[in-house]
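Structure provided below as structure tokens; questions to follow.
Order of writing sets the chain letters: A, B, C and D. Residues in each chain are counted from 1.
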Amino acid sequence: MPEVRRSIAITIDDTEIDAYEGESILQAARRFGIKIPSMCYLEGLSVWGACRICVVEVAGQHQPRPACATLVVEDMEVRTNTARLQSHRRTILELLFAEGNHVCAVCVSNGNCELQDRAVEAGMDHVRFDYRNPLRPVDATHPKYVFDPNRCIVCTRCVRVCDEIEGAHVWDVASRGHQAHLVTELGQPWGRSSSCTWCGKCVASCPTGALFYQGSAVGESVHAPDLVARLVAARRDHEWFPPVESPTSPNEQNGDDR
Amino acid sequence: MAEALHPSGDDRFAVLDKHLKRTHHAQDQLIETLHVAQEVFGYLSDDILMYVARALLLPPSMVLGVATFYHLFNFEAQGEHACSVCTGTACFVKGADAIVAAVRDGYAVAPGATSEDGFLTLRTARCLGSCGLAPVVVIDGNVAGHQDARSTLELIRAQARIPEEVN
Amino acid sequence: MTEKTRLATVWLGGCSGCHMSFLDMDEFLFDLADRVDVVYSPLADIKEFPDGVDLTLVEGAVANDDNLELARLLRARSTTVVSFGDCAVTGNVTAMRNPLGDPQAILRRVYVDKVDRDGAIPDDRPVVPALLPRVLPLHQVIDVDVYLPGCPPPAARIRDAVVGILDGTLPRERGEGIRFG
Amino acid sequence: MATPIDLHEVAERELEDQARYPWRIKACGSTACQSAGAGASISTLESEVVAVGLSDSVRVMSTGCMGLCSRGPLVRVLRRGGEETMYQSVDRDVAVDIVGAVAGRGEVADANRIDRHIPFFTRQHRVVLANAGIIDPDRLASAVAHGAYSALEKAITTMTPDQVVEAIKASGLRGRGGAGYPVGAKWSLLAGASSDQKYVIANGDEGDPGAYMDRTVMEDDPHRVIEGLAIAAYATGATRGYIYVRAEYPKAVERLDRAIRAARRSRLLGRKVLGSDFDFEVQVRIGAGAFVCGEETALIASIEGRRGNPRLRPPYPTESGLFGMPSMINNVETLANIPAIVSKGANWFSSIGTDRSTGTKVFALAGDLTNTGLIEVPMGISLREIVEDMGGGVPDGKVFKAAQTGGPSGGCIPTQFMDTSVDYESLRELGSIMGSGGLIVMDEDTSMPEVARFFMEFCMDESCGKCVPCRAGTVQLHGLLDRICSGEGRPGDLGLLEELCTVVRETSLCGLGQSAPNPVVSTLHYFRDEYESLLQEAAHA
């Protein structure tokens, strides 16, 4: 039986809501339909708190706080969309666009990309920083999937889903700082990895076009970020809902009128 | 009783195994284990990383992730000689850049890399804590203070001669 | 009747797709023609970028020294400059050579190494302009007033932006009007 | 099980032993003097003593840092009864002369004598470094003879854990690692945490370029760090401790390891410390070259054998730290203050320094100064006293431009603030921080945008890469500074630089990112004209 959770009254953007004890600002906001943009957060996975897109202002605190990793406290007053936050989010998105090689026009995730969507929401119509244009070879050695690090924002959703949900821990982050990048096993091509179970959860969880199915053309990649939350809920509550749409294979969806 | 030989016949594994045994194959000893492995083998090859991963029951990608996070681990064979130039603040103020440039040009070796002939590995070091003697270089483990480009190149040459004299 | 707006469109390092999309405005082009004089454009045979341009749409990234020269010239002679399409705004496909580094190496690979025989890098200056070391978005070379992303920007988006600029009603928040790709 | 050590007996025996020699020659064997050639001069001193037949009356010993590193190798000659002479630049020849002078044959050249009455020495107040350069760090008895572990004994035998925490609170001691958080408050947080297992951790991951205070303490007086950690454990209910040392300090690791083994043999560590009911085990853990591991949560991750990624706080380590247990991390210099506070009392300690910044601070003086090296001064001393009096001012007739404190997280203090009191609040008001104690003096030739670029390169390289503002923001900040410095700045660059500084500062995950913009903000504040003239040059080019 689900336990009864204590309610905590907080205010988000002048709306009073009853959050649950132990819940983050982001979780509470989403339950009440208040949109706070995020990137590295994925319901069902551990909190990473690194993209800093979900920063909000909490009354009494000088520094903005990540909504995904800040637990609600009685009488907390949160603002999610001040001019300062909008400006910070836009700058962070510019940093991400300048860091990799995000060429939306030729991307499998064009039109289905969280990074692209966040940029639109943030009003980012250009990037003021110099593009870094790193050289990052694509790994297409896996029979079923492709990893294009040019589009990777190191949100580690794939690392976490592979470790926490699938239990294979194929992925991890190697190096550090601006050289931090994803690796499978000891950095050999993904296709040679013996621990990959071909489950596709990493592809489903990827917010951008960094992970996709072999054979996907521009705009064809479909992610299913809610797959993880559904899996976690199913395991916890032993209630299995049929997926609303196919969570994995985009090929089955090619007939869709998009 | 002597430690059992590694199946490969490479008795350096015995040293690593001894460390693993002493630390009860504890996963939190990963960094120490990598230190020992590097000391024994000179650098961390894929085989060694896989060996450590298996010994500590850790995913290989996690071992690689940890090893590559820290600056002091090498993944390639190192040069016969090593020259580390301190680029801490005091050494920076006193002109460490010129020393790095001189060694780089003199031995055609980029900082962090080994010259093609395997003679010299050039490194830049975060503060060595000898700021009173800035700029400081370390050649094959010997610290030398108050250096400039010329004296550093001379020290490397002198170091290179030592084995000849011994022979 | 007020004087017509002097409009220029420029084609730098891009595929001309943005200009095609411009033409896709179809019958609106007639309405536009009532309000603007096209004083310079790849769609018109005008050799020199003229003085006193009110509004210039620039397609393409800055990829070679010709692009660079024209970008500076058009900036000096235009009141409002629009980065027109993803190549101008981000570098986009044109800038995909940047990670590969030195353009000479790329030229050699394309014109010499991959050619069966008698390959040579075309370098007949000034007919063939020299490539810049890196392809740059327009705003890294000159000041840009309005950004109009899209690859290409859909015709409706171009129309909204141009009308907004002409009427002085271009909103700050443009929603989907700024989506890349 | 070994019987507990009788500290008084060991101390007495050691002092008697020392008194047997009419002469003692102490040679600094610390890293700085070693790199100036101390190894050769020490062996010459030893062989000369034998050669002149004075083995029975002269004892040569290698000690830790004597402070005036720029003039090393340093040697002190002590005659029974008190007379003491200090020598500088002791090479083999001077070493021969020193032994000759002791033997009554000849003299050492004046140029090699150091006047002990110069402000560099007289203005110091040594608490943390009280034994550095005096004891033999490799011998427990030598440390015990100079008071080591008497404070631990006092705490265990005469004070309750609460009383120890109260004493630290009353002393006003603040964290010496940078931020200056009140130490007593941290201790009571851990003391109040209920758990079967708690950890205390000494942070010896001193990473600021230009700072080597902690290394000196760990190398020259390792027992003081261990004792401080043991007292912290006793006061907070922890039974296990770690000393996290950066791998660049192999000698510190070696000495700490040896000191821990010696202390355990004497029942100063281990089960039933000094015969009491207090159990405490200590382990040294070695980093592997990552500045960010100085950050508490990254340090914990590193001890656990993971990537040194900081994580979000709360929960704070005192709630959930190492292996998920309540843990407390104190900086090495912080812990080295503990024995003196317990021994001499909180009042004695708080009488040193200022009201809100009590005690002393060790600084590593470096850069464009006549005397560089390690000093320990009371808080509240003016920057002018440190730079001009103790440091001997800027050499070669050059003019002082700025002092940099706090390393890559700190800022520059220009000449108009030379009379500022050196304490946590005053430095913060000037846009710098106390930091761990690196103090680098720059003369008129130094380009401040270059200095900012240098520190930003450091932060960029040392960013763990987890959060976007730090990982990608430091790269862009460095790029902006790089092009400004190389004369290719663009008109809007300063505005962009400032905006990005704000974003990185306000949205980064941990202290490294949050403070990375400080050197830029500080130099922009005081030396904006240098940036502007670089941009003007670029515009005209």
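Basically, contacts are C-beta pairs under 8 Å (C-beta built on N, C-alpha and C of every residue); 3 or more make two chains touch, one makes a residue touch a chain.
If you're wondering where the values come from, they're calculated on a predicted model, not measured in any experiment.
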> Which chain pair is joined by more contacting C-beta pairs, A-C or A-D?
Replying inline: A-D
>> Between chain A and chain D, what distance separates the C-alpha centroids? Give it in angstrom.
In response: 42
> chain B to chain C: how many Å between their CA centres?
Replying inline: 51
> What is the distance, in whole Å, between the centres of chain C and chain D, each centre taken as the mean of its C-alpha atoms?
Replying inline: 58
> Using CA atom averages as chain centres, what separation in Å is found between chain A and chain C?
Replying inline: 34
> Which residues does chain A have that touch at least 2 chains other than itself?
Replying inline: 128, 130, 173, 175-176
> Going by the touch rule set out above, which residues of chain C reach two or more other chains?
Replying inline: none
>> Where in chain B do residues touch two or more of the other chains?
In response: 62, 65, 69
>> Output every touching chain pair, sorted by label.
In response: A-B, A-C, A-D, B-D
>> Which residues of chain D touch chain B once you look at their complex with the stated criterion?
In response: 31-32, 34-36, 68-70, 72, 206-212, 215-216, 247-249, 285-291, 302-308, 323, 364-368, 372-373, 404, 407, 438, 440, 442, 446, 454-455, 458, 464
> In the complex of these two chains, what residues of chain D are touching chain A?
Replying inline: 290, 307, 311-312, 314, 460-469, 471-476, 479, 496, 499-500, 503, 506-509, 514
>> Give the list of chain A residues in touch with chain D in this complex.
In response: 47-53, 55, 63-64, 66, 69, 71, 87-88, 91-92, 95-96, 98-99, 128-130, 132, 153-154, 173, 175-180
>> Which stretch or stretches of chain A touch chain B in the complex?
In response: 163, 169-176, 183-188, 195
>> Residue numbers of chain B touching chain D in their complex, please.
In response: 27-32, 34-35, 62, 65-66, 69-73, 87-90, 92-94, 125-134, 136, 143-146
